[in-house]
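In the two complexes below, chain A is the common chain; its partner is chain B in one and chain C in the other.
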Partner chain A sequence: MQDNEEILRVEGLCTQFRTEQGLVKAVDGISFELRRGQTLGIVGESGSGKSVANLSMLRLIQTPPGRVTAGKVLFDGKDLLTLSEEEVRAYRGRNIAMIFQDPLTSLNPVLPIWLQIAEAIELHHKLKRPAAKVKAVEMLKAIGIPDPERRAYDYPHQFSGGMRQRVMIAMALSCDPDILIADEPTTALDVTIQAQILDLIRGLSRERRTAVIMITHDLGVVAGMCDEVCVLYAGRIVERAPVDELFYEPRHPYTRGLLDSIPRLDRSSAERLYSIPGSPPDLVDLPDCCPFHPRCSHAMEICRHTYPPETAEAGRGNRTVSCWLHVKERA
Partner chain B sequence: MSENAKLLEVKGLKVHFPIEKGIVWKRRVGSVRAVDGVDFHLSKGEALGLVGESGCGKSTTAMAVAQLERATAGQVILEGQDLRTLSPENLRRARMNFQIVFQDPYSSLNPRMKAGDIIAEPLRIYSRRGILNLTEAQIAGKTAALMDRCGLASNFSDRYPHEFSGGQRQRIGIARALALSPKLILADEPVSALDVSIQSQILNLLKDLQKEFDLTFLFIAHDLAVIEYFCDRIAVMYLGRIVETAPSAELYRNTLHPYSKALLSAIPMPDPAQERKRSRIILKGDVPSPSAERTGCPFRERCPVAVERCAHETPLLREISAGHRSACHLS
Partner chain C sequence: MNASRFTKNPIAMTGLAIVLFYVAIILVSLVWLPFDPVAMDMDLLLDPPSFKTGHLFGTDEFGRDILSRIMSGCAVSLIISLGATALGAVAGTLLGIWAGFLGGRWDHWLMRVADVLFSFPSLLLAIFVMAILGERTYNVVIAIGIVYIPQFARISRGAILSLKNQEFVRAAFSNGAGKSYVLFRHLLPNILVPLIVQVSLSLSVAILLESALSFLGLGIQPPAPSWGNMLSAARKLMMIAPWTAVYPGLAIVFLVLGFNLLGDGLRDVLDPRLRNAR
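Now for the complex of A and B:
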C-alpha cells in the first residue's frame, strides 16, 4: 500500500433535519478526501455540523428526523451511502472506527471492560472468546492501562475519565482500522489528561499509519495534531488548508476572526482580545447567502444574496476558500 | 501590594465533606478534603484567577467564600468582617457586596422567568426586605440600564431564557450579578461553556465592566490562557491546596512548581510551529483521591522531580521572589 494513497473521499455530503420550525441543513455540501497516515482536522463551533457530517459518513444519523439527502462517501471504491445496512456494518469498526466525546455514555455500564473490547474483536476477526480476551488485554496494555490483567475485569465506573477514553481508543483500534474518527475526544477531560490522550492518538497514528479525522473546536489541539484542516461554518467548509498555512495565512474572515479571538499564553495580555460580533446563524431555512455575512466586517452586497463558490488558492497543498473576497472575477 | 486596601482575605479555609456509611445509623468513615487549607487575599480592583483541574477544589473555594458551602475551618474576611460568623440578617446585607456569575448559563437562569425579571429579582428582594429603597419604576429603569450595559437589546426583557443563545444568557447572568452594585464578583468558569467566538465577547465585556465599576474578581477557570488574559494574579490549585501563586506574566515566564510547569506544557497552543518543537511534560496517572489520608507533598506520586523529602514533609507555600510563592521543596 502506498503511503499517500487516498483512502476516503467524501463528495457533496448533505444532511438535513426536518423540525417543527422548518428544514435544518445541518451539513450542506461537504467534500474532502483523506490519505493514509494523514490527520485531518475538522474545526467548527457548536452547531456547525462537524459531528453530523461524521455520523452521516457512517450512516449513524437517525432517520427520521435526519436524512442524508445527497453526496457520496467513497471508501475502498464503494459508496457507503448506497450499501445495505448489513454491508455498512462490516465497515464500521473494522475499517472505520469512531471515538466519542463522552466515554462514560459510550461504554456499557454493566459489562466488564475486557468483554466490551473483545466483542468487536470476536465480530470482526472471527475469533473465539478466549483468544479475543487475550487480545483485549493486550490492547489495554498497549494503550497504557496499568496492571491490565486485573483492570480488564473492572467496570466502566471504576475507571477515571482519562482511562475510559483510553478504553474507547483500545476498542476503536482493536480491529486495526484504516480510519479513526475522533469526535471531540478530549473535550470532557482535563488538560494534563488531554495531553496524555492526544499523545497516545498521535503515537498510534504514526505507528500504524491510521488516518485520523479529528473533530474539535479547540484550535490548539488542531495545531498540534493535524496535517490539514477544514473549517466549518453553518454546515459548509469555508476554508481548507494545510495546518501551517491556515494558522499563519488564514484567508477566510471567519478563520482569521477565530484565530484572533483566542486568548494566548505566548502573547501579551495587555491588548484587547478581538471578538467576532454576533452569534452563529440559526440554520432553519437559511437563505443561499454567505452565512457569515452578518458578522463579517468585509461583507459586500453580493455576500447577502449568493453563496460564494469554492476558490482554489495557490499553496503547497490543496487549499480552498469560500469567500467572495477571494473570487477573482465576480459575476 | 499594600497600597491597595484588602477587600477580601481568606485564611486557612477548609471544606471537608463527610463520607458516611450505613443506611439508618450513619457513621462517618472519612472525609473528602475538597479544600484543605487555602489562604489568599484580593486587593480592591484586582482580578485573581484560580486555576486547576477538575476536583482540585477551585469551585468549592468560591462557594465557601460565597457562604453557599459551609466551611469546616478558616476565615473569610470581606471588608473587615468574617462572613462565617455573621447572623443570617447581616449576611444578607453583606451579600450585596459579593455576587456570583455561574458557569452554566442554561441551568443558572430560571426557565419560567422573563429576562427582565431575572435581572430585577435581586433589586426586588432587597427592596422588599427594606434593605434597598427602590420603587418599581426605579427598578425598571435600573434593569434597562443594566441590560443595555451588558449588550442586551431592551426589547429582550420580555423573553424567556430558552429564547436566548448561550452567550446572551451569560450576559443576563452578568447583568443579574451587577444589579446590586457589588464590589466583588465570584466568576465560576464564566466562559467555559461558550464557543470560542462568543468567549472573547464575554471576556471583553467583563474586562470593560471591571474598569467601569471598579470591580474585584475572583475568577475561576481551568483554561490557563483565559485566566492569564483576564487576571492580574494567578493561584494554581492542586488537591485542595494552592501550590503556586504569582502575577500572571511572571507565572508564565518563570514557572516554579512542577505541577504548574506540567499544566502549562499541556496546554495546546494555536501555533503549529511552536507545537512541533515543544516538549511536553506528560504526567503519569490521574489526580489521587482527595479522601485518602496523606502525608508529604500531595503532588509527589505524579511529580517528575520528586525526592525522598517530599514523601514525609509537606511543603508550605513560601515566598520565592516578590509576590511569587510556591509550595515545593525544590523551588
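Now for the complex of A and C:
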C-alpha cells in the first residue's frame, strides 16, 4: 500500500433539504480528495454544512427531508452514492468510521461498553461473542482506560465525558478503518481533555495509517492536527490550502475574518475582539452570488450576481480559493 | 452476570417466590385437591371456614369447597393472565416499535387502527371479540390479548419516537448496522422499563377482565371455577358470607403483588441507570 495513495475522492457533492420555507442547499458542490494517512480539516461556522457533507458521504442523511442530489463519493473505485443500502452498510464502520460530537448521547446508555466497542467487529467480521469481547478489551487498553478487563462491563454513565469520547474512538477504530471521520470530537469536552483526545486520535491514526477527516469550528484544533484544510461557507468550499499556508497567508476574505476573530493573548484585552460583521446567509433559495458578499469588506459588483470560480493558487500543495479578488482575468 | 444480579435483588426474589408458590399450587391441584371443586353439598351451603368440616375457606352458595375451587381455578387464571399479556405485549410491542421507527404512512395507519381500538372501553372490546370467537378458554386469552395490543403499541411507539433521533442510533448506523439490528439491539433494551411496568399492570388487569367476562357469561363457564367467576358470584353474598369473596380476592391480590414485585425487580436489574441509584 502506497503512502500517498488516494483513498477517497469526493466530487461535486450536493445535499438538499426540503423544508417548509423552501429548498435548503446545505451542501452545494463540495469536492476534495483524501490520501492515506492524511488529516484533512473541514472548518466552518455552525450551519455551514460540515456535518451534513460527511453524513452524506456515508449516506446517513435522513430521506426525506434530506437528499443527496448530485456528486460522487469514490472509495475503493466505487461510488458510494450509487451502491445499494446493503453494500454501503458493508463500508460503514469497517472502511469509514465516524466519531460524533457528543459522547454523552452517542453511547447507548443501557448496553455495557464492551458490547458497543465490539459492535463493528461483530457486524463486519462475524466474530463470536467471546472473541469480540477480547478485541473490545484490547481496544480499551489501546485508548488508555485503566483496568480494561473490569471496565469493559461498565455502562456509559459510569464513565466521565473524556473517557466516553475515548470509548467512541475505540468504537470507531475497532475495525481498523481506512478513514476516520471525526465530527467535532472535542466540542463537548473541556480544554485539558480536548488535548488528550486529539493526541489520542493523532497517535492512533498515525499508528494505523488511518486517514482522518476532522470536522471542527476550532481553528486551534486545525492548526495542531491537520495537514490540509478546507474552509466551508454556506455549503461550499471557499478555500483549500495546506495548513501552514492557510494560517500564514489566508486568501479568502472569510478565512481572513475567521483568523482575525481568534482571541489572542498578545493583544491587550481593552481591544475589542474582531468579529465578522453580519450573520451567515439563509440557505433557503440562495441566489447564484458569492454567499459571503454581504459580509465582505472587499465586495464588488460581480460578487452580487455570480459565484466566483475556483482558482488554483500557487503554493506547495494544491491550493484553491473561490473569490473574485483572486480571479486574474475577469470575464 | 445478569442472573446473579437478579438473585441478589430482594424485591425480584420475593416476587419470584410468590409466583412460584402459585405454580406449586397448580402442580398440587393437578394431583390432589381437598374436595372435588364442582361437587355440591346441600347440607353445607355457605358454611363458614372451619376445621371441623374440613372446608378451610368455607363453602359457596352450592356447598362447593372454596379452597378447592381457588386451587383448581389457579391454573386457568394464571394461564389467562400470562397468555393474554404475552400475546398483547409481543404483538403490540412489535407493531409499536416498527411503526415508531419507520414512521410515515405505516405509522399513521397503525396508530389510527390503535385509536379505533382504544376508543372502545376494554371490556366492551373484549366482549366484542368473544362474541366473534365464541366461548372458549383460549378465546378469553385472545380477546384480552387483543385488548392489550393497542396499549402496548402506544407505549412502545412513544418510547421509540423519543429515542430514535438520539445520537447513538446514528452512531450505530454509521457502524454499519441495519434497521432491525438497531431496533432490537439498541432501542428495545432502552424501552424495557415502561414495557415492564405495563406488563405487570396487564397481568393483574387480565384477571379482573376475565372475571368481568365470566360475570357476563362470556368467560370461564360455570361450574368450572375461575377466580373471576367465583368473585362475581360472591358479590351478592358479600354481606352474609364474606369468605366467598375474601379468599378468591386474596388469591388475586397476592398473585398481582407477586407479578408487580417481579416486574419492579426486573426493571431494577435490567436498567443499568437505576442500579447504582439504589
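Convention: the second predicted complex is superposed on the first by the 324 of 331 C-alpha atoms of A that agree within 3 Å, B and C clash if a C-alpha of one lies under 4 Å from a C-alpha of the other, contacts with A are read in each partner's own complex, and residues count from 1 in each chain.
Operating definition for what follows: contacts are C-beta pairs under 8 Å (C-beta built on N, C-alpha and C of every residue); 3 or more make two chains touch, one makes a residue touch a chain.
A quick note: this is a predicted structure, and the numbers were derived from the prediction, not measured.
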{"item": "Of chain C and chain B, partner touching more chain A residues", "value": "B"}
{"item": "Which of chain B and chain C A:32 touches, first, second, both or neither", "value": "neither"}
{"item": "Chain B versus chain C as contact partner of A:223, first or second or both or neither", "value": "first"}
{"item": "Touching partner for A:17 - first (chain B), second (chain C), both, neither", "value": "neither"}
{"item": "Contacts of A:192 with chain B and chain C, given as first, second, both or neither", "value": "first"}
{"item": "Chain B versus chain C as contact partner of A:257, first or second or both or neither", "value": "first"}
{"item": "Which superposed partner A:110 touches (first chain B, second chain C, both, neither)", "value": "second"}
{"item": "Which of chain B and chain C A:324 touches, first, second, both or neither", "value": "neither"}
{"item": "Touching partner for A:60 - first (chain B), second (chain C), both, neither", "value": "second"}
{"item": "Residues of chain A at both interfaces, chain B in one complex, chain C in the other", "value": "none"}
{"item": "Parts of chain C lying in touch with chain A, wherever the complex brings them together", "value": "1, 166-168, 170-178, 181, 185-186, 189-190, 192, 270-273, 276"}
{"item": "Partner chain C, residues of chain A touching it in the complex", "value": "58, 60, 89-94, 97-98, 100-102, 105-112, 119-120, 123-124, 153, 155, 157-158, 168, 171"}
{"item": "Touching residues on chain A, where the partner in the complex is chain B", "value": "45-46, 146, 160, 162-163, 190-196, 198-199, 217-224, 243-244, 247, 257-259, 261-266, 269, 272-277, 279-280"}
{"item": "Chain A-facing residues of chain B, complex", "value": "53-54, 165, 167-168, 195-201, 203-204, 207, 222-226, 228-230, 248-249, 252, 262-276, 280, 282-283, 285-287"}
